[in-house]
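Two complexes come next, and they have one chain in common, chain A, joined by chain B in the first and chain C in the second.
Let's look at the complex of A and B:
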């Protein structure tokens, strides 16, 4: 039998390839998006130029791009951390919302009298706790009852969203602005709990997000605990033989992943939004975090530049309306980027050869990985 | 709650449950082949927009439905390629499909010089029987008061059930989902079987989406299907991978969705229950079902395909 293409599992892909695949994924997505733009009578190059201009063309644009990127760094870390361990936490969305609920709750409870050096750390910690608590609803059944976490985390997103809507639109909770009676909005959190800005609307949350991403990278890559986690991620069986407590590691990573998404919610309400505002929080930031993680190859530092790229896309979306192009172009592009990125995974994991002579494909046993 | 309200609720539950039946049966068929496709939301939205467009262009409902099914299947082909041929992560690929599909659907509804958004459909599905048997108290409206797609959904569930459990091809399909290597050894072409059933799943999801834009709310709006695609994924588990049970699970969810409106009509104290809290109900139900029904070894007993989500490497048998 002749096989003209030989596909072999590859050991470790080169750094060049690991960078090339995401870059090509973005370019391919731009081509696909361009096709749809062209079909509907737009000039794709004009649209893309406009997007780049809005996102990076001015100091104000860059500042807004970084504001959009901040939550994505953390939801990206949340997804990357979990996916590394084959924990399919796709509940970043809900964990972000519950982080925002906890964070704004503590800020309002502390009131305007609390000094900033207490209020700001309290808000951030509360966000992490909120995210972790929400993740635990799926994590505990996953670890102790082996309940599939994909469905539970997914459903928890919708419950969190309804809960936030209930707090602001459906009740007279402390989260709802009592001064506004016509159309319900979130209660503004006291200014002492707000993160200080340093350039236009840009506040220090971007640095906190950088710091947390670096901390996550250090924890997983440079500590004994992180090494154990990586072993569990590579092969739970090996980890078990090595005496590593697998359920314990899964539980902790799951909760940390939830906390990361919760931090994103906290920084967003204490930073640019300044209130539990459902219309500003229901943007799919958790799902976009999954794109960030996948495109970053689950690398916790690579998450940062990718999040800035996705932040740029999100930031440029609303401006497209002014040139008559739907904002949903952005979601379409992001979805396409993710499709190509996940498809590109094949080339990172496999080597394709076109042998000149007839050769029989080698039987190379491979630790078949799902991720 | 008086009788009229009860019947109205049940009647509405059938309508709201119908798109869920199509999508859930489609996903059951896909998962029985061992492929997890989380992109149902995207495929349904594409079906909704293309079905609407097809009917908008021609005035023909059947044409719209066919277009919706073809486009739903076309989108699912992307997932089939990444998960069967490239054998990459099915979870992320499915999510990508959901994102891309919902972005594209909204884009297609708004793009161009004469966007679809805001336009009512040129035709919509109406009840088949008027008067006569449809007027029989209680049974009349519940059994005979529906549009053709409701009856089609019963037919699809019945046919899928027969196909899965009573035919040779259905047996091969289940074998592929349980143990692809053994199926291959028995002469089944694993990849081909998987491709075909992922496409069938996509077509049914597209049909479910079209039910929203051509029957339930026959006007194009940005996000006409709510979270139906995500609910369908949960319903597969609630229905324990059996098409007939999907019908009842879908109606249960349809009723849970409808209860929000029913309570408003009942007056105090029922109307005081916030709709934002009731909106959680289907999702809480799904989580409880998930934990109670599928934890640990019980998932196998229920009928969860063993090879679900696991890529098949033919070379490594």
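Let's look at the complex of A and C:
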């Protein structure tokens, strides 16, 4: 009898394994990133220590990390919500931008006279509406004409970006700051519509993002509507058979996904940026949200810690330049984490063993699946 | 009783397995199994579901590797690394779930993975070869049709011809007759004999004794993963084989009483429904089902039964005709309206239509009732109700192998079907449509399913049983309808029905044309 490696599907992965694998994936990515740093002549430990220090070492660092994490929580929720339903909305980027356009637009339109208790909710709602409207451009053809949403949402990202650039750089729209005549910038949002800060530069948008992530989790996991959505996400044929309106569910989830990305845009312009500022919004936050969702295993609450980790990486990037390490190291690390996490999925789904002649097959490990 | 199939000489063995073990998750699917296949014979592999037949076949076909034991191919020790490896050595298998690419044509599926397939496909030559092969073996097919357009029976022909196109020496057919009419089965048996006469060896997996007696030269019987006997077919009586197979005498529930049916619960008039290709495949069907009766619909698969069921459930809107559930006209109504009107439906495709494979058993049991108490209050779900109702139904309907949090797809076929039927019965239907409810189930699960169908009949539910299993139709139905090319070509009371008479109607001979 020859010895051979047996790879077989695992019946059910334990909770322990489901947490251990992503943690090990991050560590493995750090090791690979460290090798790369060592080759370029840096001491990886020094670099990582510096990064940790920048991200979490001071009150200011923690505040900046959470500011970076806030939009990622929401774009992560946007991606996770859609992907759970097998809706491949990769237009978080464009929906975030349109959310920012709508939010800053309403703030400017309301003007400095409107009371904050009207202006702030209006800004947030407008952001959600903007994201949903932009998502609907792809969602309606997807549901009724079966167009491919991967292509439409991707293309709409570029249109949204160009539209924002046009508003600020290419026209004398209300979004452009008319007081600045040198290089065009966004019209500052009146202070009455800005989100109040409470800790360093950190404003209340972090709580709104937490709240929205929890609300999305509750909606999908705890409501009648969410149950129907889960059935559609698992098997559209079965959902149809059980009398669930599949097009309706897909449409609503698609729009909610767009709204989540739109909220991210609204909170970003009404929070840390304070204006529709293309250079501060064109950071790939929508795409990073897809990475966040993938790392979180599409779990709507797991999105929160993952977004904070990604936020920490983003936040520590610029600081690396001060010690002579290129910022792109961060992009590389994020990519490595994603690759290892996706690879780690294999170990969640499969078991590898080396049977001898007298094989002693293992029992299915006990435990429950994370919903 | 010997454990070896009788053969003339060792050299005549096409395949031999010695002391083969294979376990999954600690359960021994094959336990010290010996199996000898002679060249040029049809060898039946008999056993209940879960007896280890499929595992044994999968080992032969290179899909699984045994944990222990040896395999000899034409007398030489062999280890198959993969199904591709097995195919290259001339061993091919037709699985119960076909391995065809739905969007490709028949001919393209032939070419797929074939060693001689190069970069360019000569479609015309390929189609000619496919058609020619089909004619030679009495299995006519349209080589330019796409797989998804074919019925299950036709797809099976493609699978058989695909292996013959590869010129394999050993063909393994896993329960091939489950989807065929008696006439189609007869044709298949002819093809099997023809292949054996050409010197090929055929392994025929079945749990139908009649067929085993009819077609095979020798039999190996498996029970609980062990072989309990290998005999020449001519030497064994059907009763002996049955006892070897189940370890006890075989009794399946059948309708015994004759009750008086009540009012009409399902009325269908001149129903017309389109198929996947947009052609009319249900052409003016009319019938009634009364409370407390089982009406059987016999017919070869692909004669419009699936579309009829879709049309009756609102899953496909009929192009003409009317459907009434009790007094409600549901012809153009939504699926949900059908459900609320009292329609329950057990579809042929259990996993993927009837059940959501990735959700838990509890969630699947609530798949239709989740909109109402106790599963939900207002817009909120009540998780405790999912647990308690789930536990009750799992207990009551004897669904085994359920673990908390486990997706339902990990249950066995029989338990999947019990869960599915449990949910449909718990909806408290007026009409229950069962489509091939025992296909692929073992004797125990078949027994449970039939008892449930009879209990629903006794409770006053109108049951429509769409099946290709004539024994089942004859055992359960009060009345029988035969469907052929989208029409009802005959109907009769079960007392007047015989397998032969039904078989002729299923083959397209109308009632009037019979002598």
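One rule holds in what follows: the second predicted complex is superposed on the first by the 350 of 371 C-alpha atoms of A that agree within 3 Å, B and C clash if a C-alpha of one lies under 4 Å from a C-alpha of the other, contacts with A are read in each partner's own complex, and residues count from 1 in each chain.
Simple rule for what comes next: contacts are C-beta pairs under 8 Å (C-beta built on N, C-alpha and C of every residue); 3 or more make two chains touch, one makes a residue touch a chain.
Fair warning: this is a prediction, and the values are worked out from it, not measured in the lab.
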*For A:107, is the partner it touches chain B (first), chain C (second), both, or none of the two (neither)?*
neither
_Dominant toucher of chain A (residue count), chain B or chain C_ = B
*asked:* Tell me the contact category for A:119 with respect to chain B and chain C: first, second, both or neither.
replied: neither
*asked:* Quick check on the superposed pair: does A:227 touch chain B, chain C, both, or neither? Answer first, second, both or neither.
replied: second
_With both complexes overlaid on chain A, does A:320 touch chain B (first), chain C (second), both or neither?_
neither
*asked:* According to the stated criteria, A:82 is in contact with first (chain B), second (chain C), both, or neither; which is it?
replied: neither
*asked:* Contact-wise, after the overlay, does A:304 reach chain B, chain C, both or neither (first, second, both, neither)?
replied: neither
*Which partner does A:237 contact after superposing on A: first (chain B), second (chain C), both, neither?*
second
*Where on chain A do the contacts from chain B and from chain C line up?*
361, 363, 368
*asked:* Considering only the defined contacts, which chain B positions touch chain A in the complex?
replied: 38, 42, 78, 81-82, 86-93, 95-104, 106-113, 222, 227, 230, 233-234, 237, 274-277, 279-280, 283-284, 286-287, 290-291, 294-296, 299, 309-311, 313, 315-316
*Show which residues of chain A lie in contact with chain C when the two form their complex.*
1-2, 4, 6, 11-12, 222-228, 230-231, 234-235, 237-245, 355, 357-359, 361-364, 367-369
*Show which residues of chain C lie in contact with chain A when the two form their complex.*
21, 23-26, 65, 67-68, 79, 313, 315, 334-336, 338-339, 345, 347, 349, 352-359, 363, 366-368, 370-371, 376, 378-381, 383, 403-407, 410
*Can you check the complex and tell me which residues of chain A touch chain B?*
7, 36-37, 40-42, 83, 88, 90, 137, 141, 145-148, 150-152, 154-156, 158-159, 162-163, 165-166, 169-171, 284, 287, 290-291, 294, 325-326, 328-336, 338-339, 341-343, 345-346, 349, 361, 363, 365-366, 368, 370-371
